[in-house]
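Paired with chain B in one complex and with chain C in the other, chain A is shared by the two complexes that follow.
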Partner chain A sequence: MTASTTAERTPAAPEAPGAARVPTRSRTILRGLPLVPAVVLLLVFLAGPIIYCIYYAFTDMQLTGATTTNFVGLANFRKAFGDDQFYNAILQTLIFTVLSAIVGQNILGLVIALLFRLATKVLRSIVGALVIAAWVVPEIVAGYLMYAFFRDEGSLNEILKFLHLPQQNWLYTLPILAVSLANVWRGTAFSMLVYSAALAEVPAELTEAAAMDGAGVWQRFWHVTLPTIRRSVATNLMLITLQTLSVFGLIFAMTKGGPSNKSTTLPIYTYQTALQNYEIGYGTAMALVLLVIGALFSLVYLRALRPEAD
Partner chain B sequence: MRFRKLATIALTGAVIAPLLAACGSSGDSKNEIKIAYQRSTDNNSRIMDNFLAGVKKQFEKANPGKTVKLIPIQATENDYYTKLDLMMKSPRTAPDLAYEDTFLINSDIKAGFLRPIDAQVKSWDQWSQFQDTAKQSVTGQDGKVYGVPDGTDTRGIWYNKQVFAKAGLPANWEPKSWNDLLSAARQIKKKVPGAIPMNLYTGKAGGEASSMQGFEMLLYGTSDQLYNPQQKKWVVGSKGFQDSMNFLKTVYSTGLGPKPSQALDANISTNINTDWFPNAKIGFSIDGSWTANNWISTGPKPWKDWTKDIGWTAMPTQNGQAPGKTSMSGGWSWAITKNAKNPTLAWKFITAMQTEPNAVKYDNASQNIAVRKDVAADAKYQNSSPTVKFFTDLVAATHYRPAYAEYPKVSTVIQEQMEAVTTGSSSPAKASADYDKAVADIVGNNTTKDSGPAK
Partner chain C sequence: MAKSVQAAGKVAANVGLAVVGVAFLVPLLWVVTTSVAQGQTLKVEWPKHFTGANFAHVTTVDILFRPLLNGLILCGGGTLITVVVAILAAYPLSRYRSRLKRPFLLTILFTTGLPITAIMIPVYAMFTQLNLIDQMWSATVFMGSTALPFGIWLMKNFMDSVPVELEEVAWTDGASSMATLRRIVLPLMWPGVIVVTIFTFIGMWGNFFVPFILLIDPNQLPASVSIFTFFDPQHGGVQYGQLAAFSIFYCIPVAVLYLVMSRKLSGSFALGGALKG
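Right, the complex of A and B next:
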């Protein structure tokens, strides 16, 4: 409610009309008062833990085994960047994110959304329901389902056996592929929904006009549809990348990061360090590095969102 | 205007007040004690819950006006420790009594989470009933007592007599050395196709089972160990360590164990005990005294004939050197926390819990090995299962893990190196060298090459 409407509604107010337009300091404070609960909540429950977390990353805090916590400067980061397993965790995180989110979920989601436009309503409902079902299942349940699917005596091998095809053992030989496929299975619904909504907004006249000018299917998609939904692509990529970077339960349920750390992504390694080896300080430092990686990805996507490319 | 002003302030206050109030403490009364313990992740298993509920009833009846609040933490072992440590760290959430694994107790003592109870145990007529090894397991590096143990476990070899019969091995098997184990496994491999000769827990998926049932059962049967208590240093570069890694390599590289992909499966223990053993698909497995819990009528895989088809025997030392057999022990204890609001009442609860009849009741229900002499001699305890006497006798040859703050990290390194040898990505010599380097990092070069006199 602005000052002028207040003045109009209360013509009998003792203040001069001019005074009502220039809010006094006490009135400004009073106006801000209703915001206080929200701000307090944000400070206490959002900013608080983040600041604490940053502070911990520079200490040698342990969960047990030491009475004191000391400020150690950059020691945790130096330790991390001299640790082969930490580099391995970053590499696995990047493989997992690129493979399962940027390539897998993103492209598969777009393809399904495109095919939906050609499909009959019945087919669309059935496929949509199936894809979304995988997304609605809790992460830990999805993890066990996928473990049961990929394991040695699992359903995938039963199917391959039935088809007389060679059997796989990816949980052991290529665990990062197994967990990536699981994440594609679980997360594609989100991209599919985003792209379905975006494609519905593409004006039919544009594609029709392009078709009149002799553009083929591929050309229409590349030169008309894709530029129109560019913003949705960037938003979708940003959301699924950040989500995938921090996936924990799915991988933990399927492989616990093994064997031989071949699927130990940063969240898993952070958990092992902070909560199994009780090095809270060191683990928190790693979590901060994960935050930086997420920020770098976001920067790239934000650039793609800039209006100049329009 | 005035009304609006007042209303705004009042509303703001009304929203903030409960938030601030929620942050405050929950107003403990002087008459309540809080008890934190681990609840099994298996929903069919409520052994500790039922036991504590019974003691709570007795206690509240005997002490009118006092209440006992049970705080079950349903989690796997590692997550339970994490949660408990977090609770004990803050005076606001600390329970009065905590159920502590004895291998972590020193870490928690060092962190200042627990309080010594020397004065209390000195004037307690039951304390003399506890075995000395058990008392040691709850004594800190400062020589003070910090907890009351309630049971222990030992480890041995479980074997399937049907598989043994097919392989032409004796029904009463008593291996005398590691070689006896390997030759039995080879014979099974040759004569019983389709059966996995033996299991040795390995790798990170097995967690502490890999370190204890897998590696330490080997190492503590050599003349070396992980820690030299005289010098107070961690042992590196020992021959026993490399020999143990070599044994592991032989098992997994010559097909005497499960396939590495099976061995490194997170559910290996369930697979062995609820599938491979009951279906005669495995020869033998080195595992804990509690293994038969899987097959009793209330267990996850009831198996009527297990006493007939399953045998149990002691783990031999490397070359049969004295005392001929070896075992590893863990165990849990009740400790009073530093931040306890009601330590006197907490101690009273421990004494109510640790009467002889209650201790028998708990050890029987949980299949724990007794740490009290009177319980060990109790007929009700000795007859509670066909295996209990055998595993109680193993206490004489058992070892405890070095219960220091560094142990959990050292244990993780052992699991990683075992995994590397199991998958063939590292040799026993390299795994030993990598272990030495990692341990030196963890304990700050507080290492020695001398294992000290054999125990």
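Right, the complex of A and C next:
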């Protein structure tokens, strides 16, 4: 079946100018013409590097000049899965993603959106603006702000001292917690906006009816509100997980992955391997692992966001 | 009694929200206080001695204006590529039916989720081999391409909301599809075009990794990368005051753009356009 017969069967589809005169095949090509620049750019700059990524991952490519590039099969992957640093990077990535995205941004964003519904308008717009400001600030600036905040002589320890709580050198003792909190600070706005929009669409009659039946605040939230917004929750979780997996600049500015690799996530370790030690082959093999993890998450996200029309 | 419980809930919500607000405010406040303070400080405090020296020091061509201009060329060019190509691509995707459309849209959506960080190593290797490294134009085209999947997706959703009936009239009058796109569809969806433009630009302006990898010559670096010089020990240790002053200049464009966007359309509307199926 050709594209044109599909179009004829469905009266809703508009006909192109001069539809009757132009032969079917060339008309289809004409119609697709505006897509060409997009397809070319996507093939060259996205599909191309991904194919390169797969190819390099099976070679011993190095960027140190004289050496030739050889096909080495699965050697890079075998090396990775025998490399303690690689496991460490996977672990740090996991901690960072769970702590900052799935728990931090997601829950804080939902809490803020819920508080918005009760709080006064002035406070709502001030806090909303502050949370969004942290989001709009460029990544590298956010990194430096957070670096200053968590430093030994920074604001956090000052606040803790004021509250008579124990202080410590966060970037040294708990770097992964510091960068995770930094990512919460930077990224919560997205979840806040998604959940504010989602909560606004929960019909008031639903929660009111539940309240009439004697459901408490918590029960109403758990049994009425949450099931109604579950689609937004799924979408939001997917998107923030994908964003968090590839965070580089924030961690690079705050800790550069240190001290002693205690905040070296996969993007940081890949960068160190490929562009500081010039082991391109090994680095891309690890990048491929990150790409596969991202692709798997992206597939789940695709299922949640599948375009429904035709 | 129910009323007093409700009132107590309201107070608790306000207090909770205020705490969140302070937590988000403190790090932002540091930039402001440090930028006008004399001497080094890493915590938020009222400056003992005010000074304009930090601002005066950074407002030179080498430190501020060239990186900002580079960023403008890189991100402005990239945004232009994304927006123009996305408009063109969105038109057939929004208006015509085809067997290929659904797989294409699914691929686009899938691509929006891929971690760009992961492909930067092969991109670096590819650019080095093809002699494209450290070239402003190739970095610009690359930036434009990486923003394309989300741009197309967003643009198509905005275009879908323009009713097709108006175009049918134009078509029967013999106007070409590109002419209808320019004269009928675009004027009706300009808020959507503005949202995509601003979104794309803000994303690129803050992008650190791509120019960090693809550009080398210090004279070509945008502000997102040149900010590192403040951390260079060779320049006499970390200059926090100058770093803060520089950050303020660097943030102003995106802050203004965000305000423009949220004035014109609510933030949730923009996201709604992006997230609806």
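Keep this in mind: the second predicted complex is superposed on the first by the 252 of 310 C-alpha atoms of A that agree within 3 Å, B and C clash if a C-alpha of one lies under 4 Å from a C-alpha of the other, contacts with A are read in each partner's own complex, and residues count from 1 in each chain.
Methods note: contacts are C-beta pairs under 8 Å (C-beta built on N, C-alpha and C of every residue); 3 or more make two chains touch, one makes a residue touch a chain.
Keep in mind the model is a prediction, meaning the values are calculated, not measured.
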Report task. In the overlay, answer first, second, both or neither for which of chain B and chain C A:Gln272 touches. Result -> first
Query raised in the report: Between chain B (first) and chain C (second), which, if any, makes contact with A:Thr255: first, second, both or neither?
Result: first
Requested in this report: Give one of first, second, both or neither to describe whether A:Leu171 is in contact with chain B, with chain C, with both, or with none.
Outcome: first
Report task. Return first, second, both or neither, reflecting whether A:Arg151 touches chain B, chain C, both chains, or no partner chain. Result -> both
Query raised in the report: Thinking of the overlay built on chain A, is A:Leu288 touched by chain B (first), by chain C (second), by both, or by neither?
Result: second
**Report entry** Which superposed partner A:Gln62 touches (first chain B, second chain C, both, neither)
**Finding:** first
Report task. Mind telling me which of the two, chain B or chain C, contacts the most residues of chain A? Result -> C
Query raised in the report: After lining up the shared chain so the two structures overlap, which partner does A:Cys53 touch, if you call chain B first and chain C second: first, second, both or neither?
Result: second
Requested in this report: Mind working out whether A:Pro37 is in touch with chain B, chain C, both or neither, as first, second, both or neither?
Outcome: both
Report summary line: In chain A, both chain B and chain C touch residues 10, 13, 33-34, 37, 41, 63, 151, 275
Query raised in the report: Hey, which residues of chain A end up touching chain B in the complex?
Result: 10, 13, 30, 33-34, 36-37, 40-41, 62-67, 147, 151-152, 169, 171-173, 255-261, 272, 275-278
Report summary line: Contacts from chain C onto chain A in the complex sit at residues 9-10, 13-14, 16-18, 20-21, 23-28, 30-31, 34, 42-45, 81, 84-86, 88-89, 91-93, 95-102, 104-106, 109-126, 128, 141-142, 144-146, 148-149, 152, 160, 164, 167-168, 171, 174-178, 202, 205-209, 212-213, 223-225, 227-228, 240, 243, 247, 250-251, 254-255, 258, 267-268, 271-272, 275, 277
Query raised in the report: Across the complex, what residues on chain A touch chain C?
Result: 1, 3, 6-7, 10, 13-18, 28, 31-35, 37-39, 41-42, 44-46, 48-50, 52-53, 56, 61, 63, 108, 111-112, 115-116, 118-120, 123-124, 126-127, 130-134, 136-141, 144-146, 148-149, 151, 153-155, 157-159, 185, 193-194, 196-197, 200, 217, 232, 235, 238-239, 242, 245-249, 252, 267, 270-271, 274-275, 280, 283-284, 287-288, 290-291, 294-295, 297-299, 301-302, 305-310
**Report entry** Complex contacts: residues of chain B adjacent to chain A
**Finding:** 1, 5, 8-9, 11-12, 15-16, 19, 78-79, 81-82, 85-86, 89, 104, 107-108, 110-113, 203-205, 259-262, 264-266, 405-406, 408-409, 412, 416, 419-420, 423, 425
